[in-house]
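We just call them A, B, C, D, E and F in the order they show up, numbering each chain from 1.
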Amino acid sequence: MRISVYRTAHFNAAHRLNVTGWPEEKNRKVFGLCNNPNYHGHNYELEVRLSGEVDPVTGFLINLNNLKDIIESQVTTYLDHKNLNVEIAEFADLNPTVENICYVIWTRLRAALEPKYDLSVRLYETPRNYAEYPAL
Amino acid sequence: MRISVYRTAHFNAAHRLNVTGWPEEKNRKVFGLCNNPNYHGHNYELEVRLSGEVDPVTGFLINLNNLKDIIESQVTTYLDHKNLNVEIAEFADLNPTVENICYVIWTRLRAALEPKYDLSVRLYETPRNYAEYPAL
Amino acid sequence: MRISVYRTAHFNAAHRLNVTGWPEEKNRKVFGLCNNPNYHGHNYELEVRLSGEVDPVTGFLINLNNLKDIIESQVTTYLDHKNLNVEIAEFADLNPTVENICYVIWTRLRAALEPKYDLSVRLYETPRNYAEYPAL
Amino acid sequence: MRISVYRTAHFNAAHRLNVTGWPEEKNRKVFGLCNNPNYHGHNYELEVRLSGEVDPVTGFLINLNNLKDIIESQVTTYLDHKNLNVEIAEFADLNPTVENICYVIWTRLRAALEPKYDLSVRLYETPRNYAEYPAL
Amino acid sequence: MRISVYRTAHFNAAHRLNVTGWPEEKNRKVFGLCNNPNYHGHNYELEVRLSGEVDPVTGFLINLNNLKDIIESQVTTYLDHKNLNVEIAEFADLNPTVENICYVIWTRLRAALEPKYDLSVRLYETPRNYAEYPAL
Amino acid sequence: MRISVYRTAHFNAAHRLNVTGWPEEKNRKVFGLCNNPNYHGHNYELEVRLSGEVDPVTGFLINLNNLKDIIESQVTTYLDHKNLNVEIAEFADLNPTVENICYVIWTRLRAALEPKYDLSVRLYETPRNYAEYPAL
């Protein structure tokens, strides 16, 4: 019996969109307001989906309290109330678009979860803009 | 033209997580607060997805009023304001985790729907914890 | 500068509506499905509003982290994953309607908050049924 | 690195469900209140999903401002505050069910988007009834 | 013990904004897209608030099932899937703005509710535009 | 006939909580993670309420398109994608708590609206923390 379970979390962070090495003018043109050198920020809402076989005794795919702890230690504590460009190693040379943040979160969770689980991450930058990795 | 349609519903129920045959201490350790022998409860939110071919005349995959009636007769009336452990036959020997409740609902709907529809059920135990069967 | 601030929280609980001393039949008639002797339950969503003068130095009415801690210690830890009728002293002789639960929460928070704050509590039993004390 | 991005939009419209060529009585029986000859209406909420390869330099699958503009020019401006049966060419001979509106929107967006993007459209007629094309 | 209770409901309807007696051009200028003579529509979401004294025996301000029935008979059944301008007597000479619809609903509920309850009605035309009567 | 109407808007911004003149250590102790010198950010959701007399001819308290334009010119364009501490004059010497941002928005709207309207502003910093001015 293969099933998916979901757990949500949230964090608040500052960022700016900017490609290192591009002239200022090009960055402003491509990223518009999101290129503000003084940063802006978001309430990021995260939805983590695991898929796999339900344990026939417990009826759990995974104990959701364990999943909650993994998300907190790998993602929320790491990103909450941070400046993504300045303080998060993964974005030293990577533009913190919602696509790239989503992928970084997926990578951190993938490393912390048992391989038997399929993993998918959806990240809401706003209620109107969001990304999902891997592609649905 | 293959499309999916969705219909939502909701019900309120009490439950506890407990594996019959396990010692009390093990149940408390694995299920924590959810093992409370006096029960706790949830507002369960249900999302039912059917997929198939649209009828070229009516433009319907299924008449959503019919789907609404099937969900009410098979799921809502059966589970609403019930104690899942005590009153629902399927959970006599099955732990009422969100995974198992989701699967039980899928089974009841599957039996009531024409085989031409693909069926998927998502069940929200809280806005933060939910399950989907079959696995996405 | 008088302002209001809000903080939300949530807990899951089981309950039944029942007036001790009424014949069974009357309880069934008045409370319907909510009278189920085996209990049902809800995801209660709580909105706490404080009103008062903003501190001109900090710009806080209250440090919302302090308010969060007070809500957790006075309400969430006390009610979460509980059977209200069986385990909560205030409902030993009080019907746990959304009105009465709302008032009990207000009373517990009132005792823990400085008198300089005006306090109002809104409690969602479902997204469709809720109460607010004091009356708006 | 294949990823999905989502963008939402909304529009308000009037419609009625009716099959041209059917006798009045049959239309009334099949479509019920939705057959009202004087029309009724909805706040339609639209979720557009694109999938494809992220540009390794910008970190964008697509510039969401461009996607926003395409949705506005192809869908929102075209459908907002309109009577779908009377004013929208695609529904001259097509029943404006949520399934058919969803497909019409997909067709309009497909024609305006580069072929390298996979496209999926979800349309909420109400928070309880919605459709998705192609089928999930 | 004075408290407020809330109950929500929803209905879908078509309307247009138009002042009878004004020249076409003025109506178009003042009401813009909302003046479309072919109508547009909305999912109206309704929030009804009653305030008064809780019954010390039942713990109810009002039995919410009774309130639900009153809302259905007075409002939902009357307005759902209707064209407000054409089919609802109150709007024969009254522009169906969200303000006026809100007031009409308040009037209908006021007549059906016992005078001991204070009544307030909030009506969402969209998630972004809404009205409340009486004024807060 | 006195009524209230509401209009919502949103903007994204970076900020940090910090009292100029306090030692670093005190700022860190009082404001915790929110004192991060590199900033963090939020999706701010704004709800504006006007109260007054409905125009008996148009049925409008205010044309909501006008209100929308005033909110955009006075608030959204001014604050969106900005660093509140660095770029917004009002916060040069004022800590950008949700209380103070709410009050600044109220002041800007008050100056742009006709005196006949009563004005209230609610500002969501997150779905869990929000403020309202004047106090309810």
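The rule we apply is simple: a residue touches a chain if its C-beta (ideal position, glycine included) is under 8 Å from a C-beta of that chain, and two chains touch if they have at least 3 such contacts.
Treat the numbers as computed from the prediction; the structure is a model and nothing was measured.
Listed by label, the chains that touch chain C and also chain F are E.
In summary, the pair chain E and chain F forms a contact in which the copies contribute largely different residue numbers, shared numbers making up under half of all those used. More than half of the contact pairs of B-C, counted by residue number, reappear in one of A-F, C-F or A-D; that pair is A-F. Inter-chain centre distance (chain C to chain D, centres taken as mean C-alpha positions): 41 Å. Per-chain Cα centroids separate chain D from chain E by 28 Å.
Separation between the centroids of chain A and chain C, computed from CA atoms only, is 34 Å. Annotation for chain C: residues 127 touch two or more other chains.
Chain pairs that touch one another are A-B, A-D, A-F, B-C, B-D, C-E, C-F, D-E, E-F. Interface of chain D with chain E (complex): residues 10, 12-15, 33-34, 36, 38-43, 80-83, 86-87, 126-127.
Contact residues on chain E toward chain C in their complex (touch as defined above): 1-8, 49, 51-52, 54, 57-61, 63-65, 118, 120. Put simply, chain D touches chain B in their complex at residues 17, 19, 30, 32, 94-100, 102-103, 127-136.
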